[in-house]
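In order of appearance the chains are A, B, C, D, E, F and G, and numbering begins at 1 in each one.
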């Protein structure tokens, strides 16, 4: 969809990406950083799916009553895979955060920097 | 330093906007995305794979190697979490922070003893079997409607989490017997390797599926084996991730 | 049925990964068995990689179409002259795994051994997959396998401090993965394909667009993070110094190279899609030169030997990147050879350092004074490694650095040539400092005086690698001749 | 177009509109009511009814097809889970000592 | 008809904004979770609406999964709250 | 109508993301992140990707949120400003 | 017996979520329903827990209809309150003693309270139900015992 000469879908993607980036860069809390990373990831996924869609097309499932236009299945498969990858990375990061808290007693980067 | 971060965000926004503004308009059916590889999958996918859900076809058949690596990624997440030292459980239970005053007066400091609301427990137990059937249906119908191995695994994982929350982790853990865990968690990569090997013997290409009409049943069986491997392996891995994180 | 060699290429990836899935099963009875099993898997993988390399020399590049789907419609694995890098890769793992057998005792609790070996195999499989695949999304996934296992390997032995180092690594690494994914998405949106050659062809056919440049740029930045190129290196020293030594060897010698392989892929893509990367090459040269000097300079001030080696990695990545950026045939060839040579040397050094740390329990130069007298063999290996990394003639480091320098001067980039020389000088200083501590000081710590040589499972790989440093140095010409044909494909990217 | 279909569609429209009104009521309650418990009242009741109403309304659109029966499942799920979550939240509030009455709970943002 | 459904979906989204405000101001954590849950129910209805608008029954599966997960997240959060697992400043 | 819906949905997504940023109570942040993922799921349904929508609802929102919540339970709940 | 009933219910559910298109689909459905049914009755609800055993399915429709009527009434009340600018509420906490044999009955009662006009279950401690009501005047169904009677009728085994 194009509004005032700007592609709204892509604009939303950029805004979401930047919200995530802001959270990743500016928040001192590790958990918040991780949330930011996840927001960025979903933003990229949204971009992928958006790029693979067709206005008014059906989902790429060729059952009765669908068609003739179908969305591109490849981005869907990629995003599906990407979601699983994202949850894997998140799980590892969370386990590390638990470790950090058990050792340092804090998960704020500002405080961690001062500690040995 | 704070300004540096903000500047980074602004620069990123500008760069992304510039790059993205140049893309071919999305949503049109004649964009390059839709006329190349995807178009061929849409055109011949059903005939070539026998699956009407082309996302599943892409995941399992055309780009099966991707899915193999995906299974490996989630497996390595489990191994990674297991490889980390156990957090000091004692401290995380009754640590430096006092439990809320309300708890002290009513139930005493033993926080774990707070029973789960019978209402919630009942509803979860009531829904449990239906969720399980739904997950299996999602797996079974993965080639004709949305769903498939991973979705099914995730629903199973969610079911496990719900049960662990209301029944306690010990009872939930019995769903995944300790002895079988090491086998089940490896099921994803192993089923891929195995079926890939079978395909290699049959067609000469790793992860190939026999295309002849006569081998229809064999092809189906191979796909089902891979799907079950993904679903069971994924579900067990998610359950174990939950248990590991629960401490 | 005759086996088509090209169709065995996927097994290079599948063997270690499926093996990793089996490791916890093998380790149920005895954690030690996991080590043996891992060794066998790496051995088989290495044998296959070497066999394929021989086939490559005989009959040219091997291409496997996974599932039998031909190029743009399926995933393609290419075993070409760059992909042959997997052979030394697997061989290094064959040497590192036995080293870990005894090293793990006392450093990593027994119940985590299975996880450790599984992660090693995952790392190997991911590295091989990354080097071989010609598919963009597959590239991303292989990178994630490598990254995830690396994060975990950093944290596997230590407690909180290691976790913090690993998390820093993870956050930066994830951003870089995200950039790769974004670039893949952009390229897919532009071309509708994921196969690298196909994407390049379709980009070349279309009008040049800023989006394609953005995609390549974000790929480049992402891989620069993975390679720890100078301003993006902040995660490296902590992670590499804190990990157990076999892991440090793998991370420093091999895992950072995925950044380099990735950069090479970007250059290939740029070269064949006709996107001019003048600025890119210029930037690579500047950053490479700065990295050489800064890395070496910072290494001088480190007392911890592993931290010193970690900074040395940053410096050496600088050499490789400088070589790639220069774009002269000799320089690029030198850089590609240095990928292998640096891997060899760094693995040697980290394993030797690991032996020393394992036998004495000490890790700073101050504490380790005089260790050369009690651990003569290990320290001899360390010395050979040091000579090699400085780049003195009969050793492995010499030929690659020489060619990079030759490239710099022949391309008229004298300033960069001097950066190289300066870097070598700093390197010389800190290794002399190390050797001085080892051989010409008297032991101040009892642990050093009482230390004995490590068991043969650790000593063997170290000595073998040290010998290889010299042998590869003597036979350096073969490597160069092997890689030269691949260089031509890369060049238009920089000098178009 | 037979009378049955017209009737069905009218029913559908009616149910959907009613559902929207109920959901709006739930939202308004969530915004206006003074404390957790009263808000939970609004959420559990209005949302279940509103959602259920719309879902059943959708069922009648174009007649009742077999495939669409899962809308009933969905409605049932909402009917079961809505009160349960409201109860769980209210219980958690009660357990942690959130005061009952017009007074607002302390702000812990 | 379809327009009516679209209108209903848009109305639901507008309501979701109001709920989001409640989720942002709280005050207690349960209030926030309740608000999030309410938005979830609205989104579930939107999913079903979209499924009907598109005319494919299989799209309703998504709403089913969504409903389940919305429920499970809420239960998980409340369970952890009521057992006092969240430290340093429980909501009281 | 479809366009309006689309725009509102995107706006809602952004608003949710911003409330995630604003929340100082980490439990609230995580729960809102769950909502964000669920919204993403609606977006995907709208874009004709039901497979992805299911995966996002189950994995992205469900499992991820629960893992996050467990981490909050084992570390600390309040983000220091 | 429990297993058979459960499996039947699950099979119906299977047919709803995965409409069978052939004999194979039906067979797989039966298999899945049986497996999950066995699992549910043996492991999820161990036999010592009387959970659903006392439920009388024949009375379920009436109870469901009553519940739907109640929840609609409740919502209408909430609507009236919410749209009233004065917000006429007088919240109060009540305690109610009702004894049930089965856990299921207790949970059903608690949920029924939640969906009845003006009331919301806060806590179930044994036989004591702590109930929050918007206004005491609105809780007539609960206070009069009508609701408890309905639930008992559904489960048969009430005290």
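Before moving on, here are some points about what is shown:
Note that in this section a residue touches a chain if its C-beta (ideal position, glycine included) is under 8 Å from a C-beta of that chain, and two chains touch if they have at least 3 such contacts.
Everything quoted here is computed from the prediction, not taken from an experiment.
Two chain pairs, B-C and B-E, are weighed by contacting C-beta pairs, with B-C ahead. Chain centres computed from CA atoms place C at the largest separation from chain F. Here the spacing of chain C and chain D, counted between their Cα centres, is 57 Å. Centre-to-centre separation between chain A and chain E, using Cα means, comes to 19 Å.
Rounded to whole angstrom units, the spacing between the C-alpha centres of chain A and chain D is 30. Averaged C-alpha coordinates put the centre of chain D at 11 Å from the centre of chain E. Contact with two or more other chains is made by residues 13, 17, 110-111, 121, 123 of chain G. Among all residues of chain C, those that touch two or more other chains are 137, 141, 144, 148, 151-152, 155, 159, 163, 188-189, 192, 194.
Counting partners per residue, chain F has 23, 25, 28, 30, 48-55, 58-59, 62-63, 66-67, 70-72, 74, 76 as the residues that reach two or more other chains. On the side of chain B, the complex with chain G involves touching residues 117-119, 121-123, 125-126, 128-130, 132-134, 136-138, 140-141, 163, 174-175.
Contacts from chain B toward chain D in the complex involve residues 100-103, 106, 114, 117, 119-120, 123, 126-127. Put simply, chain F touches chain A in their complex at residues 3, 6-7, 10, 13-14, 17-18, 20-21, 26, 29-30, 33, 36-37, 40, 43-44, 47-52, 55-56, 59-60, 63-64, 67-68, 70-72, 74-76, 79-80.
Against chain A, the residues of chain B that register as touching in their complex are 2, 5-6, 8-9, 12-13, 16-17, 20-21, 23, 25-29, 33-34, 37-38, 41-42, 45-46, 52-55, 57-59, 63, 66-67, 70, 73-74, 76-78, 80-81, 84-85, 87-88, 91-92, 144-146, 150, 234, 241, 244-245, 247. Contact residues of chain C toward chain A in the complex are 137, 141, 144, 147-148, 151-152, 155, 159-161, 163-164, 166-167, 170-171, 174-175, 177-178, 181-182, 184-185, 188-189, 192, 194.
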